[in-house]
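Common to both upcoming complexes is chain A, partnered first by chain B, then by chain C.
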Partner chain A sequence: MTTPLVSMHGLSRAFVSSKGMFGESRTMRAVDDVTLGLPAGKVTGVVGESGCGKSTLARLALRLIEATSGSVSFDGVELGGLGPAEMRQIRRRMQMVFQDPYSSLDPRYTIADSLLEPFAIQGLMPVGATRKERVAELLDMVGLAQSTASNFPHQLSGGQRQRVGIARALALKPQFVVLDEPTASLDVSIQAQIIELLERFQQQFGLTYLFISHDLSLVRYFCNQIVVMYLGRIVEVMAAPDARPQHPYSRALLESTFAPDPAKRRIVQPLGGEIPSPFALPPGCAFAARCANVSERCRRERPALADTDAGGRVACHHPNR
Partner chain B sequence: MDKDSALMRLLRTPRGAISAVVLGVIVIAAVLAPVIAPYGYAIQNLRLANMEPSAAHWLGTDEFGRDLLSRIIHGARTSLAVGVTSITISMVCGMALGAAAGYFGGAFDRAVTVVVDLSWSFPEILLALILIAILGPGLASTMIAISVAYLAQFTRLTRAQVMALKSETYIEATIAMGAGSGHVLFRHLLPNAITPVIVAGMLATGDAIILEATLGFFGLGAQPPTPSWGAMMSSGTAQIFIAPWIIIFPGLAIAITVIAINLFGDALIDALDIRKRLREN
Partner chain C sequence: MALLSVSDISVSIGRLTPLDRIAFSIDPGEIVGVVGESGSGKSLTAMAVMGLLPLIGGKISGGSVHFAEFELTTLTEARYRALRGRRVALISQNPMTSLDPVRRVGEQIDQVSMMHLGLGKVEARARSVEMMQQLRIPEAKIVHGNYPHQLSGGMKQRIVIAMALVANPELIIADEPTTALDVTIQAQIIQIMTEMARARNVALMLITHDMGVVAQACDRVVVLYAGRVAEMNTVDAIFADPKHPYTKSLIGCIPVEGLPPGGLKGIAGNVPGVLNYPKGCRFHPRCTRAIARCGDEVPLLRASGAGTVACHLAEVSA
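And then the complex of A and B:
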């Protein structure tokens, strides 16, 4: 395994919500004690249902929100210790593509303005004719017509806007890109084009991706390493995209994916039980209430992430071998 | 989306076109007052006191024999100057306060919100009266008083806009590119928040003109001989039975101006399609 470009160590983020002025405050651990390395030049996928903390993890990785505890280091530099000027410097090398292409572009900016904004913010604004060239290159790179430059976002389709979002993220030639469900709000036909585009850039520029998704089949297609999250914690890391999931939750997730070929469809065992409130997690395994392999020990003792024979890690007392 | 087409849409509606023409006439009259007014506003002629409207004095004369039309034309200067200046000051300060409170949040936001809510619970006229009691009557204190009276409104509106825009993904994207607070506020938040604030300012100018007239009526605004519509109406009350035109015509001037401003503002809201955003406040 290559050395990680980004490593997270014991990373946690808690959100405190208080009920009114005098109500007691409740703490939700959106991300809890995550230790994970993102190998350079590889794609790491993070899957889990909504609310499992995957988007929070993405924002922590880029220090868009501050961690409650733990650390993130990028290329050996700990992000938490950087001042504003150093942080701005390092942001050139790490970027993000957002889920919602409708709100990720300022409605008052033309596409050219949006594409030039990273240069402006970083004090790298090209002067004179090179400015137009830059925009032309970026549009060309993501397969958009040159005439798009003078358009406003509302004149473009969702897929076109997402292309602009990708071009903007890649404008400063970053090494690390977080993809926060980049296809979730697009039509299926457009999804494939966007994924293909992202895949091409990954290979062309040797990018390191952190790919957030709730679509396990897409993650299996696209990623080199798969991380499964449940209620803020990593329950399983699969070292290869085709590895057999060992955690009962990962298995359930995988079984729930839709197979286009009717012959390959299985009878899906729906998960029973209830998701525990993220404000009051049980003392043992968070998945115990819904798990088929559950034992008394699971309700008492929280399983730690342990290495598996397949080179991954799993947090389960009774994994499926 | 762009400004030109919104303005064209505005002028194509009867409401927008008529109010724009009326406002245009009032503004031109105010700017060119010394040129177009038939007489000086302070020239007294006691032999011609309380003359009814005639060919020589279209709107009649007041109790000192001054030409009413000339005084109303000059009065437009006072009203518009006070209305526009005080609302501009109020809007700029309110936008700065509201944007800072909405963007940075925390203790500063709570402090601003408490003060704004407090001042919101007083009628504007009461706030203005208190301030003039402190500052003393006059044109400058009228402007300051009106600015402060309307400050809460703009602070609230800007704060609400900024809070709503703050969670847009493009703000997060800008931060991910390495932008600081200044860039986020001045390049993204304020340009997107400004339209409803300007329209609210337009409408508040009408209210401010009424407030200025009210203060003038009480003798707290512009001091004689500077003509002010409110003060003119006030002096007209004494002659209401012998020379009713002295109180009627300045009153009409106020009404027409304020109605024109409100109609124009209303048409602007529709042309820019921001009625929903204004109501959120």
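And then the complex of A and C:
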């Protein structure tokens, strides 16, 4: 494995919810003690269902939100210790593509304005004719017509808007890009187009991606390393996309994904129980109440992430070997 | 004998004709998938069958819809109302559009059997609880007294399914019933819906954009594109040997086990809007195999093996 470009150590983020004037405030740990390295030039996928903390992790990785505890370092530089000016400097090298390109593009900006915004923020605004050239290059790169430059976001389709989102993220030639469910709101046909594009840039520029998704089959296709999260914690890291999942939750995720092939129809073994409230996590393993392999120990003692023979890590007392 | 047969219906809204001669049928106990990208006309087809087009200012401008002993296109609203919920039920994508937020979920299920089956309060309640248990809702008696906001998305969708099933309908139209749910919950709901349809011999029209769900659940598939039927066949034939380039491309958009890097191929362009439907085959601008004829002449739906396909190329190769 290559050296990580981004390293997270014991990273946690808690959110406090106030219950009104007289209620008690409650705390949930959206991300809880995450230690993870993102190898340079590789794609790391994070999967999990709603509320597992994957989007919070994405924001922590870029220090878009502050960690409650733990640290993130980028190319050897500890992000938490940087002042605003230094942070802005380093942000040039790390970018994000959001799920909903409609809310991440200013509705009153033309597409050209949106594409130039990163340059303006970084004080790198091209002057004169190069400004138009930059926009033209970026549009061309993501396969949008030149006429798009003068359009407003509402005039574009979801897929076209996401192309703008990608062009904007890549405008400053970053090394690290966080992709937060970039295709979740798109049709499959458009999703595949966007993935094609992201794949090409990853190869072409040797980018390091952190790809957040709820779709395990997409992650298995697109990523080199797969991280499975459940209620804020990493439950498994698979070192290869085709590795056999060992954590019962990862297996349940895999079994819940239907292949587009009637020959692979299956009887789904339904996961029992409900996802516990993130405000009141059980003392042991958070998945215990829904797990088929559960034992008394699981309810008492939280399993630590331990190395597996397959080169991954799994947090389970009774993994499926 | 088909329970529902939709014969060449066209739907118009004002001067626009978003649906053009849609035809398919569903037998009792059969699960038919209706697939296509957003804007292909899936939901509009469902609304046409449910007689809900007036709500959006639309109407069926041609063709006929037969359901059991009824011709639906000429049915009065009063008689339609007696069918909806009783013999034909709808499950929508977002359970909150079907649930009243200020009433207990159990009462909302009770109401269906009180209204349509004439049951009394006590009997209706017993029936609801039994239905909820069959849908594997844990502690059904307690959940019966809960409000929608107290339940998770998957649980709310089960309540909606219970409402749909409780009057023993012959046909259920499910419009993207699992799209808003997490994958593990989606898998459970699809499992429950297919089991219930088979066990009760209910015909299920399953609208989805997810080819994985289609492969898992359906017997037959109708592929829609830009308001027309592109292809129709048994689920096995659709996946083993798709005849329409659109069907083939849709299947190719889904990452499968062992697909090499770069193997995932999208479909260039977008589904055209109703104002911009192209001449000839509506898919031809996005089709990698289009020939000159595709831009001029509308391909008709023709029999091909066990199914039907509307493509000039399929005709040439057949």
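Keep in mind that, in the parts below, the second predicted complex is superposed on the first by the 321 of 321 C-alpha atoms of A that agree within 3 Å, B and C clash if a C-alpha of one lies under 4 Å from a C-alpha of the other, contacts with A are read in each partner's own complex, and residues count from 1 in each chain.
Heads up, the rule we're going with is that a residue touches a chain if its C-beta (ideal position, glycine included) is under 8 Å from a C-beta of that chain, and two chains touch if they have at least 3 such contacts.
Small disclaimer: the values here were computed from a predicted structure and weren't measured.
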Could you classify chain B and chain C on chain A, in the superposed arrangement, as clash or fit?
-> fit
Would you sort A:194 into first (chain B), second (chain C), both or neither based on which partner it touches?
-> second
Which of chain B and chain C A:215 touches, first, second, both or neither | second
Here the angle between the directions from the C-alpha centre of chain A to those of chain B and chain C, rounded in steps of 10 degrees, is 80
Once the structures are superposed on A, label A:271 by its partner contacts, choosing first (chain B), second (chain C), both or neither.
-> second
Please indicate which partner A:50 is in contact with in the superposed arrangement: first for chain B, second for chain C, both, or neither.
-> second
Between chain B and chain C, more residues of chain A are touched by C
Could you tell me if A:106 is touching chain B, chain C, both of them or neither one (first, second, both, neither)?
-> first
With the two structures laid over each other on chain A, which partner does A:33 touch: chain B (first), chain C (second), both, or neither?
-> neither
Tell me which partner A:117 touches in the superposition: chain B (first), chain C (second), both or neither.
-> first
Look at A:75 in the shared chain and tell me whether it touches chain B only, chain C only, both, or neither; answer first, second, both or neither.
-> neither
Which superposed partner A:256 touches (first chain B, second chain C, both, neither) | second
After the two structures are laid over each other on chain A, how near do the C-alpha atoms of chain B and chain C get, in Å?
-> 20
The answer for chain A against chain B in the complex is residues 62, 64, 84, 87-89, 91-92, 95-96, 98-100, 103-108, 117-118, 121-122, 152, 154, 165, 168, 172
Chain B residues touching chain A in their complex are 1, 168-170, 172-180, 183, 188, 191-192
Quick one: in the complex, what on chain A touches chain C?
-> 49-50, 157, 159-160, 187-196, 199, 214-218, 220-222, 242, 252-253, 255-262, 264-268, 270-271, 273-275
Can you list the chain C residues touching chain A in their complex?
-> 37-38, 136, 138, 152, 155, 182-188, 190-191, 209-216, 235-236, 239, 249-259, 261-268, 270-271
